[in-house]
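Here come two complexes built around chain A, the first alongside chain B, the second alongside chain C.
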Partner chain A sequence: MEELYFAMCSKIIMAYKRLVGVIPVKDGRVVKSYGYKFCRPAGDVVSALRNLERWNADEILLLDISRQARIDPAIPMLIKKSGIATPLTYGGGIRCTNDVNTLLAAGCERFVLETIAFNAPEKVKELADLVGAQALIASLPLTGFGASLALEQYYAKRFGLAHEVLDPSLICRRMNELPVSEVLVIAFNREGYSGSFNLLGNDLCEKGFLSDINKGIIWFGGLSGNIAGRLLNDPQTTAVAFGNSNNEKELALTAIRGEFSRTGSAHHVRRPLLR
Partner chain B sequence: MISIQPKRECRQCLYTNRHPFGLHFDETGLCTGCITHAEKTSLNWDYRFRLLEKKTARIRRNKHSPYYDCVLPVRGTPEYFFVVDVVKNRLGMNPLIVSYNSQFNSGIGIKNLDRIRDVFDVDILIYTSNPVTYRKLVRESLIRMNSIRWPYIAGETSFPVYTAVERDIPMVIWPYHQPTEQVGMHSYEEEPEMSRRSRASFDLMGLEPEEMISSETTINESDVYDLRYPAHYMLKRHRITGIYLSNYLPWDPRRFSEESIERFGALSGMNSRTFDTYDRIDDMTYMTIHDLLKYAKHGYSRVTDNLCREIRFGRITKDDARDLQSFYQAQAAGPGLDVFLDWLGMTNEALDWFFKRLPYQCNGAIGASELSVAQHSFVNSFVRNGPDVMANDHFILYGKGLDCNEVINII
Partner chain C sequence: MTVIHLIDYGTGNIGSVVSLIESLGLFASVSGSPSEIINAKVVILPGVGAAGVALSNLRLHGVYDALCKRYEEMRPIVGICLGAQLFGEYLHESSCQGFGWLKGGVAPLSDYPFYNNGWCRLDYDALKNASLARALTPSSTFFFNHKYVMGLDTRKKVAVAQRPEIPAIYLDEALCAIQFHPEKSQHNGRIILRNVFEDHYGL
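Coming up: the complex of A and B.
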């Protein structure tokens, strides 16, 4: 009986898709990032984490965009200081099991992998052995839309790939082979510009090779409430993520939840009470 | 522990990446503050003001309060005459003016507040925290954050919002968003609004009132009760939003202050450690103990903020500004410092010890005789039509500008 109860509960919980609050961090401080090329200052990490917890975000994604091949030692300390209980995902500079252990001790539950997801899949397997595939997310920064979806040029160069536009089947195979539970698809050039998401064309249905990925997708970059609501109706979507807009208005995530009802996707997400 | 980056200065203004709010640069070396400032000349401000008119008209139509349309926080500086004029006369709103008592009021600040009430025929609600508790909080914030301003900022930013909640007034109108004006946190087109997070991170230096409560200190829950921010469910229930006028008007404190002096008879006065006779003249501690602490903590003082604004508006060159920065940052705090220390129960020796703990010590400055004619004429271009800020050196004033001695004489 008890097992049945827990099975039902987990089914109910799984039915919900997540609204993720993203905190881009550079040099130990929160920034408003625009296409990862230009940043504006946006305060300290602790208050940003606590704020998203107060807003009842389903999950918080702390994304260090400093482009350093290491974990900023200040970040785990700041996470501990914040004392938040909301599920916390961390991305940026993770290279080895030591990094993950440090972040686990600080209170992170899941990890976004980007560099090693492309150029060292064996390390991803090591991490999966340590924390399980359910705790790992692969990051996929893309530009263009539909059939012309391409890995962002910066990353293509960094990973030693000859052409800007990669073979979609290669990307798809890589994502499917990795022991990760979800893929964070980032509209790289549109990140920070609300309402400019362009990966799937205007009708949001030109998914191209992304439909062949057999993992759940977290969409991030240039989303608005309306676009995110429409993406939530896609069965492949497991979460939608918002970054800069969280700095601009009070209760921004709550307002976004409110907009989902217009797109008929409100039933996909929780409606938590405000404190 | 925050990662320390190599020091980098903006190619246009005097700010560096050591600014406590954080500062970023574009590929040409221009800081985010200057990039945002450039929007003051590039945006269509007539269109933006029409956006504001639409927004406030909607509030007036749907307001819940039978009388007031908005809460308008003010201070006793000339700039706020302009703010009230915009809200009351140009937008046609009926504001409830609120002011949180800093308890270190200058005579000039009190007179300006009174004048705002008389000129614009508005109601003013002034809140004064228990002075004993206030002193306790000033001591605590000095120890924990090397700042004496925390209690005032906490009260100044929570009192208007609580007033809006209690009186069911749907809008709070702030003049400007300091992180946007100084370091360009937002573009004006993003139309940032008041938020608890911005308050906690920038205004309160990352420390919310609840965190002040500690068994190691004498601060208890009742001491910070009136400094807390309303809960989110209260803001949502009353549909309260807080907007910044600077998103809809090209914000220029100097021009607005001079206009207020000319049109409404606002008072300006000489302040210590700066040339700006309009900025923070309502508070006798701002340019004394607070400014010294600011320099000792961050390596720059308020005059740098004033100069960066003037550089961005093209009213002074960077080279001239650097000389003035050096001249004013080395100035003494004036007589107000001793009065403040008496009030706080702190000796000069203790203050010296306190400053030695902080990273920046002021050394080397240029004298007044070394300033050029152009620099002197820039300084003299600021209007002075009132008494000096430190003309009244008593920190607690009773009633309208009556100081302790006057009250005793009356009794």
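Coming up: the complex of A and C.
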């Protein structure tokens, strides 16, 4: 029996890959964001959370793009009010263990770290000691820059956008050193423009640049069902994320799930029944 | 109304578990008081986090001894994710002893490339054997988020997850150790916790 158990555990078979619904939030309201430069109001947080749960999102990512370098105190209350039972990840302004404790108590399961992931890795370690690395995701907002990649970061509103060209191998090394479970790769300029996902010119060649990352990758920024389907076929992909499209039509995620069959990737994701 | 007691020991997404319990028409009380833990009808030990911090918090608040007393009296204790892993003998993550109620150590998933973050099915026959399958189907999925996995305890009823194949639920007269997050598993999470309360504990 024991041999059988260890034989079972040694099989490298993964859980279903996830279809993540992203809710961009600015100043406490849901927005449709375009490359993080332009925003249009798109409703309230509680309704957006409940909609994505109703559409069977595998996970919801609440992404505060206000760049306030702190957690909006209204957000934890809105999360509690929604009462959702879908895995909820939060990103934006997380700096310390207090932030994480507040969000955890409100019902968040996982946390996206960006600024501190690059500028204060010791704080990431502190957070991992508190909630475990399985609860942490590093954000990697990238644009293509010639034949290389550039990291695009807003440290806070007052500092503006920092653009740093980095060798892809350095990016991979930095990610591998962090005690996080996954990396959220964002095609920064393409965010909000459905079907435009691309970091380096054409095809999905950017994936080769990041193949040395030894963690699962969540892709986000301008994905279409077709592109996401192709990305799902890659073993390194653990999830694909969609933002604005959730606000453009009813049951958006259900429609995207349907598109995966065209790329032969439907078996990677679960097919829950609508209720 | 039946009261389910949630242990607040500074680690865990209490808010989501409270919502789940209330959605089942039960009342949830939350505290870290040892006397309440000893006297409650059912207690839930939730958990998101690192094992070492969780255990030291339990000891700090006197919860550890209260739980041991409950277990000696064979009264219902439900562990969720990290809470369930603490029932093991040895926790490799923090190199420390757990409660020792489940045989074997809690070790990282061997040869598994990433963390197990995602939705998995459970072996339906095992669920039926454990009397937890009511209103579930073979395609029902549940949300897992972990790197460490409970050891094999053949003395207990076990429901195994598929993709990867790991023990997902251990059951005995008092203990229910759930590796996944029912509070984050949407409709199926509600159903399985209801089955644990009604079909296993007879509430």
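One rule holds for everything that comes next: the second predicted complex is superposed on the first by the 241 of 275 C-alpha atoms of A that agree within 3 Å, B and C clash if a C-alpha of one lies under 4 Å from a C-alpha of the other, contacts with A are read in each partner's own complex, and residues count from 1 in each chain.
Criterion: a residue touches a chain if its C-beta (ideal position, glycine included) is under 8 Å from a C-beta of that chain, and two chains touch if they have at least 3 such contacts.
Keep in mind it's a predicted model, so treat the numbers as computed, not measured.
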Could you say whether A:Ala120 touches chain B, chain C, both of them, or neither, answering first, second, both or neither?
neither
After lining up the shared chain so the two structures overlap, which partner does A:Ala42 touch, if you call chain B first and chain C second: first, second, both or neither?
first
Residues of chain A touched, compared between chain B and chain C (which is higher)
C
Which superposed partner A:Arg110 touches (first chain B, second chain C, both, neither):
second
Where does A:Arg270 make contact in the superposed view: on chain B (first), on chain C (second), on both, or on neither?
second
Quick one: classify A:Lys80 as touching chain B (first), chain C (second), both or neither.
second
Looking at A:Asp129, would you say it contacts chain B, chain C, both, or neither? Reply first, second, both or neither.
second
Between chain B and chain C, whom does A:Thr238 touch in the aligned arrangement: first, second, both, or neither?
second
After lining up the shared chain so the two structures overlap, which partner does A:Ile65 touch, if you call chain B first and chain C second: first, second, both or neither?
neither
Overlap of chain B and chain C contacts on chain A, residues 275
Chain C-touching residues of chain A, taken from the complex the two chains share:
1-2, 5-6, 8-18, 53, 56, 58, 79-80, 83, 85-88, 101, 104-110, 128-135, 181-182, 214-216, 235, 238-239, 270-272, 275
As the complex stands, chain A meets chain B at residues 26-32, 38-44, 46-48, 50-51, 54-55, 72-74, 77, 246-251, 254, 273-275
Mind pulling up the chain B residues that touch chain A in the complex?
1-3, 5, 19, 21-24, 26, 32, 36, 179, 183-186, 190-198, 200-202, 206, 208, 231-233, 235-236, 241-242
Provide the residue numbers of chain C that touch chain A in the complex, in ascending order.
10-16, 19-20, 23, 48-50, 52-53, 82, 93, 109-120, 139, 141, 143-147, 149, 152, 154, 160, 162-166, 181, 183-187, 189-190
